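Chains here go by letter, A, B, C and D, matching the order in which they are written, and residues are numbered from 1 within each.
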């Protein structure tokens, strides 16, 4: 295992120490339990946006803490969901009196830990809503799986909800907005190589020099299919094809119902992409992928989207949600509208995303 | 070889096509000869800033074309200096009447090609100054080598000179400014792995699972020393040690003398870093290095600088100047002053660097 | 003939399980690498070390001991296993509040309420290739053994035996819950890591009971 | 007895060198991988293909032909080799302007002015482990042979022989110019790629002269 680390048991703590030293103007890092808090939080009169997940996906989520995006992030161990006590302390530290929106990626562990956290925060008198991001079209059904995983749409949702919170949206409206972004976002990824979890010291999966994994997650877990290596164009066509052709995806998600004061199962259905749609695109590098390759993929993606009668009106190209040093990419397309674009364009200043200020 | 590419012979063109499609608001890409031009260039009354070099270092340089940084970039083939005809056409396209500053990394090929380009541009009646960046302290002497290589300081110099050009500096003052940044910037890099040049299809150098290269360049060329693998802290100490302890480095550079209307050899000496210095730091990933590892390195670097009685007042942490998918890092420290900091902080909007707007 | 587990034995169970998780850390992680994300051994090891560190050593209320275990697992394991085992022991601790020793009926209740907690939290059923496929057969075997009048140790042996069978029975299953479910057909042929850790937890308790029998 | 190289033979030289560069692309790149950045073969191949594509086929002025070669190399090779070979042929083309065939004296002048161009552009001397270590001995051997009255072909054979020796003599050298210089001591033991391409260029011209002799 070749990594720029010290003790494999300490990687999460050490990188957060670097983050704190690098961005004292933007954020504070707390340990025991671990959370990253925006410098200016809590802000009275603003809903706080909180997210988190396993480490190893940097800059997500801690790199999105700052102004106009997340108020707090809770990093777990590498590829392991954070624990409820982290969200409890983070939530108490950033709640500004108008409640907390927790943006949760749809992994069994994350969903359960953030639900437990929401329950604990409510015991503290803080209103909390959890919105689950489940956008990975590589997972085809929700009956025989834990449902679609949360991937690239998370970054877009955090940006848009962060801007909406600044704009004064209340918790209800923010939860709706976040759900809308999720239902309009679709992603799919692939890997050329596996990553190595520092504590394990060896690749999570073996893969031949002429093989790639299609439909990979972001935790080094195997994808849904292994195929022979292809050109960038062919790979882009496979991923974009799954996204563009994805039919309405119905599933049941657990959300908090403030009226019934309980968790309820809600049935939601994804929007499908249609001619004329304006899209926000994310061409995401998995950590070990050179930027140049992402631009090669973007060129083909752009052409495919245009050929489908849609257009990409905003794009992020880079390593925004990674899997340690894995080589590979994911593509995310989010159907935009004027409101989403206005919020996407609003100023943001975080370690990982910055514009307008 | 596992890469997201199509034909290895076309990688440069294809990624530039993606760049053009992704950032039509910022830049235009031209082929035959290849150059990338800022959308708004030429701007009357502004010195144009032009740079370039081999491809494979993305986002450098094309990713720094836009507003407040480069007016044009000339990408060569992978790891191969661009050719004078590229700079000639790029220069003609962006010259706004106050001349062109060419920022050139100190590699034999780059230096010669940019000199030939300067001669050609002058034949077109355009004033041109070439400033060479030679900041890589891994190269100890200039008598028995081609001199220090141009590495991370290039990014800082392009940012600062781009802002100064917007602020109205004339060509003379810009050349001086760029030289000053160079004499105040020091870098050193290392690699965990080799990269693979697409056209070659195999790693440029072989390296054992327990070895690292210290003093690596940015072209997959071997470094100055091969040692056993070390912790992130120890590696940071090695690189930072070379930079912080670097004595005055004297060498002869070839610059254009407008008074004598000829190339002249000028002797210049680097400033050394001393207690009380305020530094701009770049912790640069080589393309395959996860951001988390860069932050781990930053934490140690920050502590080392503070222990030396200096302070890091600005920093860039990320893959700013890469070697394809190489895993490794470089560290750059530039001694700042009020003028440099003001220019560094000025708004910039490029694909690879953005703030203030 | 062992008829009860003392609060001391419950504490030893936690300490001993921590050793077992450390010893099996790589095995569990390797199982998770095959169909998950290669962290289950690390998670369980970290969680049980924390549980031992926080153990209220002179506590006599088994409910309180299990609650302390639950809290440690919830705040240190993370992932799916953290909330699931955390909820398992939280529910059990609620059911056993005030007990200073556990009878056969209490141990059955521990399993029953724990499993209810896991099912409530994770919404899985038997046959989905999860820890439940070790836990449910164990509970059933315990109840059956108890029904035919077996000793506590025998009941636990039957439970562990069934947990082991259930654990191995996960090998041919297709996962439909948790991270392994993304693999669909490709999840076949691998033993579920969570079922394996569940088996180890029960096996450790059974060994403590067996030692108690030998000792007494 | 071949006494001159025709403009046609100069064109064939460029075409044939392009084939040689293609055939030796991997070899040259591998040499460059050892002490440089693994592109010299790619660079020379690309440059000579472009030179052939742009060849003014019915041009009779050798100066113009070499100028066209020079421009193609300058605008297509890139790196260090582009400006160096470009300048080599640019200087030679200036010196040979108007010639439709090359005498022994002309070929010597070609080498001489070309080498001056390389030294002016790259500021290197003999012994620095560069293309000059093939070119300079070649020029010297050519001049010596010519001094003792050898034929053009013999002069070229002597030059190529010396270039080959010079090329091999770069193996033990420490590079002090170009990219290989960063390796210092570690540059020892590897043959310089640029010296190798220079040798190939001269060898190709010699072969053409030899065929001319056989044919005549």
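Please note the rule applied: a contact is a pair of C-beta atoms (placed from the backbone, for glycine too) under 8 Å apart; a residue touches a chain by one contact, two chains touch by 3 or more.
Given the structure is predicted, the values throughout are model-derived calculations rather than measurements.
Placing every chain at the mean of its C-alpha atoms, the farthest one from subunit B is found to be C. Rounded to whole angstrom units, the spacing between the C-alpha centres of subunit B and subunit D is 32. For the pair subunit A and subunit D, the distance between mean C-alpha positions equals 57 Å.
Among the residues of subunit C, none is in touch with two or more other chains.
Inter-chain contacts, as defined above, occur between A-B, A-C, B-D. Put simply, subunit B touches subunit D in their complex at residues 33, 54, 76-86, 107-109, 112-113, 115-116, 138-139, 143-146, 149, 197, 199-200, 204-205, 217, 219-222, 224. By the touch rule above, subunit A contacts subunit B in their complex via residues 2-6, 11, 14-19, 21-22, 55-56, 58-59, 63, 192-193, 209, 212, 229, 231-233, 235, 287-299, 302, 315, 317, 319, 322, 324-325, 327, 329, 349, 351-352, 354-357. Residues 29, 33, 35-39, 42-43, 46, 74-84, 86, 121-122, 174, 176-179, 181-184, 186 of subunit C touch subunit A in their complex.
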